[in-house]
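We just call them A, B, C, D, E and F in the order they show up, numbering each chain from 1.
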């Protein structure tokens, strides 16, 4: 349930019966022909759909993440690493102070990985009660990743694997077919200017789109996989 | 236009004809019977409606702000001041790097005022081109504030002045009437625990609701006032 | 009583009967023809005079504040926001560790407003005893502000409202009369270079001086208003 | 070549013909029966052996990394994430100022992954010349990882895969055989106290040792794989 | 000349003929029977008297420094090291931006020594013009230190060497004679509570006072020594 | 005993009988003809030899320190002051959490002096048990310094006093004789570029080498002096 569809009284009532909460984190950055909000949209949506039947509150997505390499594509935003980690830490601290004990960070952007390191650091702090944080990049979880790979190897940034009805833009026509996949090693060393040269349209390659029924199956798999994590993914009880 | 309804190509095209952008900042915090997202919802919505006819892109709202005093109400979130200011600074820095030169921060939460100080600090940095930042707390702008005061003096946190169709919750009944207004001086010195005692339901007093046509007029006034700022509020040209 | 007119033994004795302390914060920045120290001088002086009959210790004024927009006027100083807030936080932390519980921040400079946000954040920290912070910008407190406005509307930076015998300089002749008041909206968007152009002499407009008896009344009003706050302004007891 | 086996004149001469440098980063933390310095020892050694025939200087290893989860095992050290990232940033900044342009971070500890994010952020800074950073966790590079997996699946922390003649301790006898491998998911949520319970001896499972010829082949493979990266791993030229 | 006795026009005129400025830094901390402001008072006064005939502006003293070990004596204040260094850095940055090039930090408190390290770091930044910073702890400069030692060996904190007419308090009688000098090694390891036990009155030992003519000679020597530094102490020209 | 020659079980056993630990801190920076690692090598070696017979663990040396003024000599590294202090703080925090209570920082580089201020700040934190930190710059301790001065006055950076068999490089011939000693006052104001001009070879003057038996005596004196500190230098027990 979206936290923004609750008032504080509802959260207080919830805390009497549960201590879980979901923190979706995304990014606002170029995704080829798709929405600049792709990673934020997907992270929030998968979190909300996964949490709904469990009744777990879902924070509004953090729409800004770590994407320094995309800054040459207008409309891409990035936080410095320290800023980003501090946002996540402040959210965890505030929520812990209110009685939340189990936190699921649902991530929509590969560059946000240090949030997991932050979470481990945060859990390692000395305290008198147990806290648990699960971190998942929903698109890289085992079932979704396997299913995606069964349709087309090596799903990339800005390609079909991020092309859902809720991330494509109404008046934008996707190119037909696809293009070769960029080398990950090259991308990882590239400056913002390099990346614009490497991919004039922003996509890292592969097909631009797969059929809707494929995407639908992937989405449903992702939702269930996050839901299973929220439900059964807590190592300690 | 919501940035998330654009792709980077659209932003690049926009930058060839304009250099303005809107940054809405809100908060997720108790608002009495209203949505925990009230300040974020209002800031983003007023920004989007104001910017729409002007074609100016609007960032996704920063849903977390400075609300340390509300942390005893579950579901309220707060960033530390440094974290909050760094988020705003990082957004300004990134956008400036892409050619944006005029920035409108549309604020939905009184506690976020230091963002304006940050903006003045940021503008004062040495650089070779001009940047301008206008900052408005939409609900405190002259026309909206005067109109509100004409209906009921001293509109407060969590009361009628924040009670719009898009901030109230479907299954939550508002109390009838109102209650006395809390002293601002007392609130400003209160700890989180104090505030829970001062206001058991979270509202700072006054009526809980005014008629829809009043709220509608206030809203339309606010939208126009922000739009005028986006259109004509730039001191230098 | 100035803390610098005390030794630690005197403070220790004081703490056995009281827990209040005054922290004046100012700025060193251009004030037109007046002293660069105007804001620091006034904040410290009003604090000392207000506190004297109450026997409350007054820290030495923090002479540096937030004034990035004035840096093109030589002799103006500014701290980065984080630095400034950390100074205030460190002072509060140290004093709290010694048993002080009620803190009055007496501010002499509009740009220092984020100190109040810091104070609210600081008060909101979890602790086992109560602390209270009152924050006042002495020149903007209700009685002083009303009295000033009754003499000339819209008192501004570097004008008559800051022109006291202890802020004017012995060998500097003030201009006769006054000049038009700068638009606040324009000033708030101005870079340091802009401000030098907008106001060649540094004043933001209005009369350069009012008669001594007017200023004397304003001063005495300000002292009493701060004293009342120190005496009766604590919300919780 | 170890930087500590050079004087500045030698580095200056080197910079006239090359612009590469190696930054090994490790950790000091429990490794079961093995040396607390295992990750630092391996990172530095593999870097030095790889770089030797290429004549590339190798910094002294950063012996402290991110290992908050191990702090309940005495002798384990950890830096806060910000501290760790700042060390890496400061080293890159200083070396860039001297003319180095291609940097290889050779990592020995899984928890140090955010150094790669820092590197991408650093590369993305605006500058007038090209810099490149390659980041490798030597033990996870494709060839070494495949070879290791061919001997025993799922090599873990503190087990055979880190047991080299230069990480075991002269007077410490390793246990015979092995033990079950801990679940990665459980470990990732564990607090320091949890980890001590999960693994009383510190190893995460699997065999404690493999034959020396196996380890020797793995080592030589790792050295060559890092060397190939130093030699041919630069995406831009 | 005190900066607070100038307006910006005077500083601008000064910068046309000179580029030196004095930054006195002190501390507010227990000094036995003497003023809590001793270090700030002495640093500012020696700076002002030294600079007067040279016409060099003197900033208002930074009244807060690094004195964590004195926090158990009420009225003692301390900044965290980062805060303190940032204040000094911000002042240098702002003044450099206005054309000042030669900075004299006149220090009154032993614990403030890291300001000198900060200054060296600051000077080492890459820039296109030369800046110079001289740092002096006036009481430890060669001539003053030798003269003091000729009167009584080992002058200490809170003893005769800080007892000037402007640091003693009107109604406080100093003890007769003196007491043994505390071991420096012990003091350096002492916690705040330890120091209160080691020195019940705050003085670190030796005589409480020397004759006025001795103190007068010391003072005049100190003023001249600082003046010589301001005049001739610049290594590069 | 080097911590890297121990596993965690050995440290745990040690903590049952002792609570001391040694933290050597060095620098990687130009030392004339000597190794870039001179300060790190000496700090670690003197610490290890001093601690060996006492059985106290010695951390791996922190090989990076504060040396901004040497950055124009390639291969010299420096951390920003905040980074450096945070590393030392993080190490102290982690070790304290494991039961260590007495910490000896053995320093090999003059520029690292702020680590002592950090240590005093750290000791002054409020806690329920006693911690002690001794800080020694081994080369400046009384006996070593006196012995050195008896051989040649004013031992300097990069000269004979740092020329040991373990800091000179096998294939580098030292110049014969010596050269005039640079003025300390000049060096302290010098930018990185200035220092390269002041000392084309990096040495600050004096003889380049003294006879081996002299250096051997100095070394043995240094080791014993550090050992005495580790053994008897704790002010409180």
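What we mean here is this: a residue touches a chain if its C-beta (ideal position, glycine included) is under 8 Å from a C-beta of that chain, and two chains touch if they have at least 3 such contacts.
Because the structure is predicted, anything quoted here is derived from the model rather than measured.
Note on connectivity: the fewest chain-to-chain touch steps from subunit D to subunit E number 2. For the touching copies subunit A and subunit D, the fraction of interface residue numbers used by both exceeds half; the interface is of the same-residue type. Interface equivalence for C-E, evaluated over E-F, A-D or A-B, points to A-B, where over half of the contact pairs coincide by residue number. Chain centres here are Cα means. That of subunit D falls 26 Å from that of subunit F.
Here the spacing of subunit B and subunit C, counted between their Cα centres, is 28 Å. Residue positions of subunit B touching 2 or more other chains: 71, 78, 80, 82, 97. With chains as nodes and touching pairs as edges, the resulting graph is a single ring in which every chain has exactly two contacts. Touching chains close into a ring; read starting at subunit B and passing to subunit C, it gives B, C, E, F, D, A. Contact residues of subunit C toward subunit E in the complex are 3-12, 14-15, 28, 30-37, 40-41, 57, 59-64, 71-80, 82-83, 86-87, 90-91, 94-95, 97-99, 169, 172, 201-202.
On the subunit D side of its complex with subunit A, the touching residues are 66, 68-69, 71, 80-82, 85, 111, 113-114, 116-118, 120-121, 123-125, 130-135, 183, 185-186, 188-192, 194, 233-236.
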